[in-house]
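Structure, as structure tokens:
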Amino acid sequence: MTDLTVKLPGMTLTNPVMPASGCFGFGREYSAFYDLNQLGAVIMKAATGNARFGNDTPRVAETASGMLNAIGLQNPGVQRIITEEVPYLAGYDVPIIANVAGSTIAEYEKVAEAFNHTSSVNALELNISCPNVKEGGIQFGADPDMAASVTEKVKAVSGLPVYVKLSPNTADIVTIARSVEQAGADGLSMINTLTGMQMQLSRQRPLLANETGGLSGPAIKPVAIRMIYAVKKHVSLPIIGMGGICTAEDVLEFLLAGASAVAVGTANFTNPYVCPEIIKQLPRVLERYGFDSAAEAIGRGHDE
Amino acid sequence: MTDLTVKLPGMTLTNPVMPASGCFGFGREYSAFYDLNQLGAVIMKAATGNARFGNDTPRVAETASGMLNAIGLQNPGVQRIITEEVPYLAGYDVPIIANVAGSTIAEYEKVAEAFNHTSSVNALELNISCPNVKEGGIQFGADPDMAASVTEKVKAVSGLPVYVKLSPNTADIVTIARSVEQAGADGLSMINTLTGMQMQLSRQRPLLANETGGLSGPAIKPVAIRMIYAVKKHVSLPIIGMGGICTAEDVLEFLLAGASAVAVGTANFTNPYVCPEIIKQLPRVLERYGFDSAAEAIGRGHDE
Amino acid sequence: MKKRTEMTVETVQEVALDTIEMKLNHPYISTAAQPGQFLHVLAEGHTLRRPISIASIDREYGTITILFKVMGSGTKNLAAMKPGMEVNVVGPSGNGFTVQETPARTALLVGGGIGVPPLYGLAEELQRKGIGVKSILGFQSRAHVFYKEKFERIGTTYMVTDDGTLGHHGLVTDILDKAGRFDHYYSCGPIPMLKAVREQLRGHPGFLSLEERMGCGTGACLACVVRAETESGYQKICTDGPVFDADEVIL
Amino acid sequence: MKKRTEMTVETVQEVALDTIEMKLNHPYISTAAQPGQFLHVLAEGHTLRRPISIASIDREYGTITILFKVMGSGTKNLAAMKPGMEVNVVGPSGNGFTVQETPARTALLVGGGIGVPPLYGLAEELQRKGIGVKSILGFQSRAHVFYKEKFERIGTTYMVTDDGTLGHHGLVTDILDKAGRFDHYYSCGPIPMLKAVREQLRGHPGFLSLEERMGCGTGACLACVVRAETESGYQKICTDGPVFDADEVIL
């Protein structure tokens, strides 16, 4: 029997596959399709200090092997997430990761701190890479010092392991990763979306109301693999890998590159059952390539 | 009759469509498929000071709606290009753009200078964005000061208009574009490839011998459109746009975003006739969306 | 309960310019479906599913009819499907039309272009419930018209075209008063049309079916929100809609 | 001259484990093709074309036979094609085998796995020219073997399998001397095999057919180079090859 267990700071996963933030709401909708207990973990939609409506519509566009989104961090605010959403997910026997966003460092701290008051959340994913909001998000993730500073502040107020979610919109992902490692991050989550745009020919304007959006899906997988591989060489934090994962083979590719676990985003939209289907296939795929366990494959794509 | 003519520094194109550097060799191979006189221009494969062999194989991999390449600037060196390749292309009535690469600023200068000695080359494309060589290439394109410095030096020795080819592997394309504009560039060419990687599951190693490669094809089109749109807002240089173009609709999307002409790369591999096919469709597509000329569409996706 | 499943193509037919009628077989989906709901259809090679309204339901034969206009590559692929092939759908999705039985005796349906299909299934349902149906249907031109006779068989039907090639020359809103008395109205079509219809019919209870670009189609991604007079300030078209009480949403 | 064109699928057949034989019709391609050349085949939905060797040419009926192993998604798509469908190819591509008529009287063919198909077309051509053919064919196991009888009909054929389930248990290079006298050799298969074959047969004139991942398949992108004893120091497999003089390329 292939062992899918993966140990990460703050949680032991029965398998390394979880839905990615923003692509799975707070789990309710997909629980209509399957039993969420099958998942390795769940990453919730971003939480901000107060409720946010997000951007105008249209908020999504399709691209070749991918999509653009500019949701704009719409969410009911951290308090309601804690009172209304976390308890629902806590009814399942699955680790919960809360995605934390903000427009100011103080907001990040406030949101992170709030999650101390629920025993059901296992870890935080610090979203310093959202390309779809005017303030906060990516502006904290583009600069190594800013990234370190948010990480440090959040670590100081939070009792939970913190995974910092990195943006691929940078010339030097390794420097950012190193910087948040030094600032005390417990793990990394990568990658968030690449900033992109689509023009609508009939309107002669950008299709998305927000003009730009975040590119996700299989199109960006090579960028994700490259960045994880590069970061793994220089940083010793565990990595939750994501970007275009659709199949169990993709999962193995991420593990080999250096991810310890993975998140599946866009593929949930194409196929609502994609997570349990991948989890079911994974033992077979690991076996085919000679692995007795998922853990064994982590980082094995590197030399020596 | 829809007018496809586009005027650029150094050349007037009968239509805005040309093959992209590195995807068309020096034209000979594709001349077996069609008459190159149909093209708006031809951008040649990169030239370096001396002959280069390039990277080990495998040099290409397929990705979702795209490909990775790590050719490594293989070319016979600028002298042989001038004596053996340029004369062949000069036999056609099509503007020629020479792609200039180097490992040092001196090499860029040497290559650029060499093209002064042929009357058949209309412009230079300064490749400061090749991700596949250890020295030179992208290292000059990632930093605004370096980018400005190469541009300045090349402008000083060259009698030809210089289009600087930008890398998308940056957090801030606008700053780089502004910087080369101030350094005297006559135009921009964007985008080069995004750095990516693919793991080969059976070997548990990166598939490409060079490990990383440049991601091109439809997958990256949204990134190209976003960058061209952003740069167009802040820089007044004409832009040759590229990244994933496969159809005449794609060409219009690039024009609307702000490109004055476009280059087609990867799509030549899928369909060797793609350039003339696009050129044939373009008048119809421009018409359908209400344009009497290609020039009219340039930058029309912007407000005001 | 919505399911992801394969539906078998029974017939494919071009019923108007670039407009395809497709009959899909699936015992479960056809039993569960309500007029106004949609199928979230996978188009081969595409990341995002395409929402297509359920135009008609035949519970006896286990089929659903959809009608769609060929717009981009997804609907083009779909139009190329042949009888016997399978279409992967998630459905029945969303909340359909609420058919009020009492005291409603007559319903007015106002449809524009590709907003017409869901109204047809509704008309059938209303007829089954013994509710009178009057329809005002707008199309670009005569070539775009479909289902005219089918609506006429159910009730009085007024045709409108943008170019006057069939029926009234102009907009559906030009002739709303022609329809006379009715209890409820149901409308589906482009947003400007819905706005105008709602404005003119203010005072009448009504339902609007909305469209928006979707990500998940299942309520999780918040791509398809519309501002609304609800506590959260919004509704999701894919799960709270696509049909809304006309007074509830802010257009 | 190579062309981009549509070839019509005539037959599709699984001739060994995961190995598909496909007959494609096209008057021009079948007339122009030479053994050892390849078709650069478009697999629906894929960016890069797939190089597949021409395994046999029937000029009379205007067909080309290809044989390919289902590896990834491109060959999987291709394997799903049905008779009557069209395959988009660029071909005939590359330079095929040079068939020397004088003084060669006997040729030795050494093929491994999916390197066997191009040798079959060559064997037919050699036979037509009256040149004797001896073949040594290696496969993973009995289940992977194809065209054994066809080769045997042309000349003496030695079978080798990795697991010994058919013929000699081991490598083709174990039994190269069994073949006895020959004038030229031709070999196609994995690089380690080609290296070993060349090493053992040094002194004999020979030709090797090489494989490499391709971009353009037409000589423009330099994806498929192999180091060679030429002025430029390299050769392009897609246009200078895939068949090279054994002494020319550096493996």
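To keep things simple, chains are lettered A, B, C and D as they appear, and every chain counts its residues starting from 1.
Heads up, the rule we're going with is that a residue touches a chain if its C-beta (ideal position, glycine included) is under 8 Å from a C-beta of that chain, and two chains touch if they have at least 3 such contacts.
Predicted model, so just to flag it, every value in this text is computed and none were measured.
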Joint neighbours of chain C and chain A, given as chain labels: none
Path length in steps (a step moves to a chain that is touched) from chain B to chain C: 2
Maximum centroid distance from chain B, chain identifier (CA atoms): C
Averaged-CA centre spacing for the pair chain D and chain B, given as whole angstrom: 36
CA centroid of chain A to CA centroid of chain B, Å: 34
Chain A-chain D separation of Cα centroids, rounded to whole Å: 46
Whole-Å separation of chain centres (CA-atom averages), chain C against chain D: 56
Residues of chain B whose C-beta touches two or more other chains: 63, 65-66, 217-218
Sites on chain D at which at least two other chains make contact: none
Interfacial residue positions of chain B with respect to chain A in the complex: 63-66, 68, 142, 169-172, 194-199, 201-202, 204-206, 211-213, 215, 217-223, 225-226, 229, 244, 249, 252-253, 256-257, 289, 300-301, 303
Partner chain C, residues of chain A touching it in the complex: 22-25, 28-30, 32-33, 45, 51, 53-54, 57-63, 65-67, 69, 71, 74, 76, 217-218, 266, 268-273
Chain D to chain B touching residues, read off their complex: 1-2, 4, 42, 46-49, 74, 90, 212-227, 232-234, 239
